[in-house]
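The chains carry the letters A, B, C, D and E, assigned in the order they are written, with residues numbered from 1 in each.
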Amino acid sequence: MSLLSSARAATGRPSDEPPPPDDLVVVPARHPWRWVAAAAVLVVVAQFLHGLITNPGWDWGTFFGYFFEKSVMDALLVTLQLTFAGAILGFAGGVVLAPMRLSKNPVLKSVSWGFIWVFRSVPLLVQLLFWANLGYLYDRLQIGVPFGPGFFSFETSTLVSAFGAALLGLALHEAAYAAEIVRAGILSVDSRQLEAAAALGIPRLRQFRRILLPQAMRAILPNAANELVNLLKSTSVVYVLAIGELFYQVQVIYGRNGRVVPLLLVATVWYVILTAALSVLQHYVERHYARGYVR
Amino acid sequence: MSLLSSARAATGRPSDEPPPPDDLVVVPARHPWRWVAAAAVLVVVAQFLHGLITNPGWDWGTFFGYFFEKSVMDALLVTLQLTFAGAILGFAGGVVLAPMRLSKNPVLKSVSWGFIWVFRSVPLLVQLLFWANLGYLYDRLQIGVPFGPGFFSFETSTLVSAFGAALLGLALHEAAYAAEIVRAGILSVDSRQLEAAAALGIPRLRQFRRILLPQAMRAILPNAANELVNLLKSTSVVYVLAIGELFYQVQVIYGRNGRVVPLLLVATVWYVILTAALSVLQHYVERHYARGYVR
Amino acid sequence: MIELTGVTKSFGTLEVLHDVDLTVPAGSVTVVIGPSGSGKSTLLRCINHLEKVDRGRVRVDGELIGYRRVGNKLHELSERHILKQRRDIGFVFQTFNLFPHMTALQNVLEAVGKEAEPRGRELLARVGLADKVDAYPRQLSGGQQQRVAIARALALEPKLVLFDEPTSALDPELVGEVLDVMRDLAKAGTTMVVVTHEIGFAREVADTIVFLDEGRLLEQGPPAEVLDNPQHERTKAFLSKVLV
Amino acid sequence: MIELTGVTKSFGTLEVLHDVDLTVPAGSVTVVIGPSGSGKSTLLRCINHLEKVDRGRVRVDGELIGYRRVGNKLHELSERHILKQRRDIGFVFQTFNLFPHMTALQNVLEAVGKEAEPRGRELLARVGLADKVDAYPRQLSGGQQQRVAIARALALEPKLVLFDEPTSALDPELVGEVLDVMRDLAKAGTTMVVVTHEIGFAREVADTIVFLDEGRLLEQGPPAEVLDNPQHERTKAFLSKVLV
Amino acid sequence: AAPDETPKAAAAIDSNTGQTVKINDGPDQQRIVPAKVDAIASQVPEAVRTKGKLVIGVGAAGAGFAPLAFTATDNKTLIGSEPDIAVAVAGILGLEPDLQNTSWESLFIGLDSGKYDVGASNITVTEERKQKYDFATYRKDELAFEAKKGSGWKVTGPQDVAGKKIAVGSGTNQEKILVEWSEEAVKQGLPKVDIKYYQTNQATYLALGSGAIDGYLGPNPTSAYHVATAGETEIVGTYSGAGSTLQGKIALTTKKGSGLVEAYAAAVNELIKSGDYQKILDRWNLAGETVDTSEINPPGLPIEGK
């Protein structure tokens, strides 16, 4: 809202009583409580930060000593690699599994349902241990006639490397979650949109890719970001495979020197920074998919 | 599709050539590949189960010995308590935070944004350690003039019990995630719905409760279930506070007897069962909120 | 009574309403006609403050909509106050905007509360939907949905009702029935503003007809004057195309 | 050419279409009129198999819709085949159902591909939307959205077009323009079925008029016969209500 | 009820003597609690004395590390040599022992915050840790190489570990030795050791079982216990920590400057003198780990180059 142009008053409109409201200055709604609330929040945050900075318990010297330390940076890279690979594989799986679960085909539906059920409920830790230690349970994997003779066989302990096991576990785990995220997005799209697409004779795959998914994106994105942040932190579970990601690395370090707090803080602050970066990205992607929904 | 009633043929319709298609039997679309796929899936699952049952590595004796063991059952109860309390507190928080983040009020918006950012990115482990060890960083918490004299003060080490710390951490952590889930749901609702509600002069809170939330539910539910399953498993992080939940308990046992695989399986199978129960519940709740969306 | 003075509204660079002055006397029916995209819907939306005007004022029953005057200043009202003002203004959307998760009856009762159930049923019966009270919007035909939307707007017994093409999905029989409903409302002193493309309907229902083109109010007057003896070239051209 | 034989369709216990037989010759325009809720939209939806009929057959150009005949058996077609059949059948929805995340032009081009851009622009221009090609549906007025929906259905150059109240949101001028578009289509040999409430429009456009009531096809014939000299009591009652 | 674990869990074979030692892993521990020794008790700072109890932190949450610190068959009670030593020390100091089981992280935070008066959790003295904590040693570690049963592998020196994948705990004596051996192997022109740091024993043991690693260099007592209970692995070589340039030592840990460390050392020395010390270690089959005297802040493992 802007001030009214006083030019309008000069157009010679009859100046009856009360004076035409056009002459009046518009005052935007005032919100005194906002300021009180803002002040209160600022005080609390300031006090907390003050405590953080001045309290010797946090041991900022150690924190800064390790924050950019080489092994930490290397570990951060591993974390990012695992996160990205897990997210991409996971969402690729989810985009396949979600329409399967919604399809009318009972086989596809059950397979998808079963997959989601199992891989959502088995703890990532257990899955990682399972994949990394396949050799513990199965000495050899063989391809061949079911319950019959085999053609090829592998030694399982050489089949899956630690990093491979981590990726496999993360991907399967994420796919199960992503499938439900995508399904929620699809459910949120007005069914008339698909009818319109069907009436135009657009092929199924294209319907999904061009009509359904872009509209579902609005409901998918915040959840996908949730899952990504979660994944970023979940990668710490790969510590069981002795893979040097961020959280593992700080554990190794505080295992050595006993300075738990500043080192946990190193990992935490990195997570906070990465999440902030992700949030900024999320903001722009959300804005992109909000086009056409202005009103 | 049913068979055509042959009565129609008897109504005396002119029997021109070719015979009126009404006499024809309708054959539903056949899907031979479905059967192939179903068979393939069944074989793989059967082989896996066969391997599971016959492989001595799984040590089923130990598994069954501990599956209903009293300390495991007690731990399961703790897990369920933490999960339910975390979920309820978390979603209560999320339902408040999501509209805050979407509101036009800049203070509410920033507070919500900040909350989500911080509590989503700080690892639960770190949060739990923080709340449980508040005393390490702050000897006393005081209520009073900021940066000035205090009126009341507590000894922090007595303030928060281990279980309290676990609850607080879980609730804050879940609230941040739930907020984004609810926000995604809200975004998926057609904005014209809110316009209609506004045009009817329905108060804001009621708009949210009666118009927005029930429609958002379709997109919220699968994600809420995701989060709940995740929470069920995340509770295992409370091991850092030595709270005897399920995963902690099986660790205690295999720490003594060294039978890692069957005991991890005890926890896993419980998770799988609980997730299945949740999925059934989810199915009915989703169906409830799908009413009115039949077409 | 509604009073619009100098109402101007733009979307980006597109001026959709330009300096519209309009007075609607209490208890009268004003019909807005005009080509597609001329700003009719936007005009209605400005009246109940669903769209904030860029310049000008909107008054209903002497009360400023969306603002409160204190001395020589206009204070924006809080959302809560605006919502209260809207309870006196019924609105029938061009796209109906029914709540999909509620049955027809629930849609009608949402703003008035469950106590009003008899009245809600009566309203639905009046628009010919006695047998569809428990149907969800997706199970209703276009015309049935439109009638639910009308019943919903009337349930609050508003002093003023804004209709955005209330008969677009209705067959000739029902148009007659809706006309009856409107006549009753007018008799009870309700003020109405109706956007429509059906000139026949406009002629039947209107006390005043207003012709809008490209956001400008070109002509206004009683139906006989505007429809049969238009002054403006644009109006003439427009009306000449009416199929009879 | 369309041929419906004994088409019956129920939603739950509600029989919406009852034993409908209808033949629409190639290149002709058939207008379906009838009260709200009589099953007009459902009839159109059955023709392009958006709704599966419970009994009876639908043929377009001699080809069964949704089924393939092998010997004395009817095999349900796979979704892929049905989608292919639909590419020859244009459909304009009563609720438009535009894709909200695409501009007007993108909506029109979605099914035909980007190569057809000149044709898409031309179609939009023909319905008076040359300046709105890049607007999103939410930025368009009701009538503008309806015109985009028409252009979208025509972009595929279908042999058959099903219009569900294509002029409900249009002003009299535009109705005339849409009429012109239809005449051109008819000249090019396109078959059309049009559901409408505007009797004037029906009279102008129709080769055959069909009157539907409570799912039954009560009357059909050329406009002069059905409109001016209806045989059935129900038709007479219905038409008597038309506002002129 | 818990399945019968007696055949394995109750017995551990002493790797030195080959004798079977019966381990009591039930909740009823009948711990050795010596009487208060006033001369030593008076060294305890005033604040702790008035509190009347000694809060003992043990970082064995979850799996723990049997037989040093783990959970009894009731799945609640914390047992093992570490709690035993700490409880005995509390007895000499005339304080009520308050055993608290927690995670490794919480243990250190708790020590810093003064929540725990002492940490008894198989903590090795290192130079880095000495910057923050005071140590009173009570045990040394014997080391053992553990490998999958039937591997046919024997470890006697650097040449045997060259090129192998071996797990070790970070910040331990074992790590230091393994790193030295790896460097030694490289000097001899052999490939270096592929060192893996698993954060939990269960992951290590699973990796061992599945062939993901060739061996695990850990404290002899826990390895011996695991070999005896799980029965899937064997010890393929032991190594005395004393044989290297610097003996790794396990110590009672307290916050630097808390003033408690002298009392702890004196109490441990008293235990050694009275013979209770030997009895406690024997109980857990740790006869090979004894020290002659408790030292305060001895030279620790060196600071790792960053």
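In this section, a contact is a pair of C-beta atoms (placed from the backbone, for glycine too) under 8 Å apart; a residue touches a chain by one contact, two chains touch by 3 or more.
What you are looking at is a predicted structure, and each value in this text was computed from that prediction instead of being measured.
Contact with both chain B and chain C is made by A, D. A centroid comparison over C-alpha atoms places E as the chain most distant from chain C.
Although chain C and chain D carry the same sequence, what matters here is overlap: shared residue numbers make up over half of all numbers found at their interface. Taking A-C and B-E together, the pair of chains sharing more C-beta contacts is B-E.
For the two copies, chain A and chain B, the CA superposition rotation is 180 degrees, given to the nearest 5. Comparing mean CA positions across the assembly, the chain most remote from chain D is E. Inter-chain centre distance (chain A to chain E, centres taken as mean C-alpha positions): 41 Å. Centroid to centroid, with C-alpha atoms defining each point, chain D and chain E lie 83 Å apart.
For the pair chain C and chain D, the distance between C-alpha centroids works out to 29 Å.
Residue positions of chain E touching 2 or more other chains, listed in rising order: 105, 109, 112-113, 202, 206. Multi-chain contact residues of chain B, defined as those touching 2 or more other chains: 125, 129, 136-137, 192, 261, 264, 293, 295. Across the assembly, chain D contributes 95, 139 as residues in contact with two or more other chains. Chain pairs that touch one another are A-B, A-C, A-D, A-E, B-C, B-D, B-E, C-D. Here chain C touches chain B in the complex through residues 48, 50, 79-80, 83-89, 91, 93, 95, 97-103, 110-111, 136-139, 152-153, 156, going by the rule given at the top. Within the complex formed with chain D, the chain A residues making contact are 192-193, 195-204, 210-211, 214-215, 289, 291-295. Contact residues of chain B toward chain D in the complex are 1-2, 4-5, 8, 20-30. Of all the residues in chain D, the ones that touch chain B in their complex are 5-6, 52, 54-57, 64, 67, 69, 72-78. Chain B contributes residues 61-62, 65-66, 69-71, 125, 129, 132-133, 135-137, 157, 239-242, 244, 248-249, 251-261, 264 to its touches with chain E in the complex.
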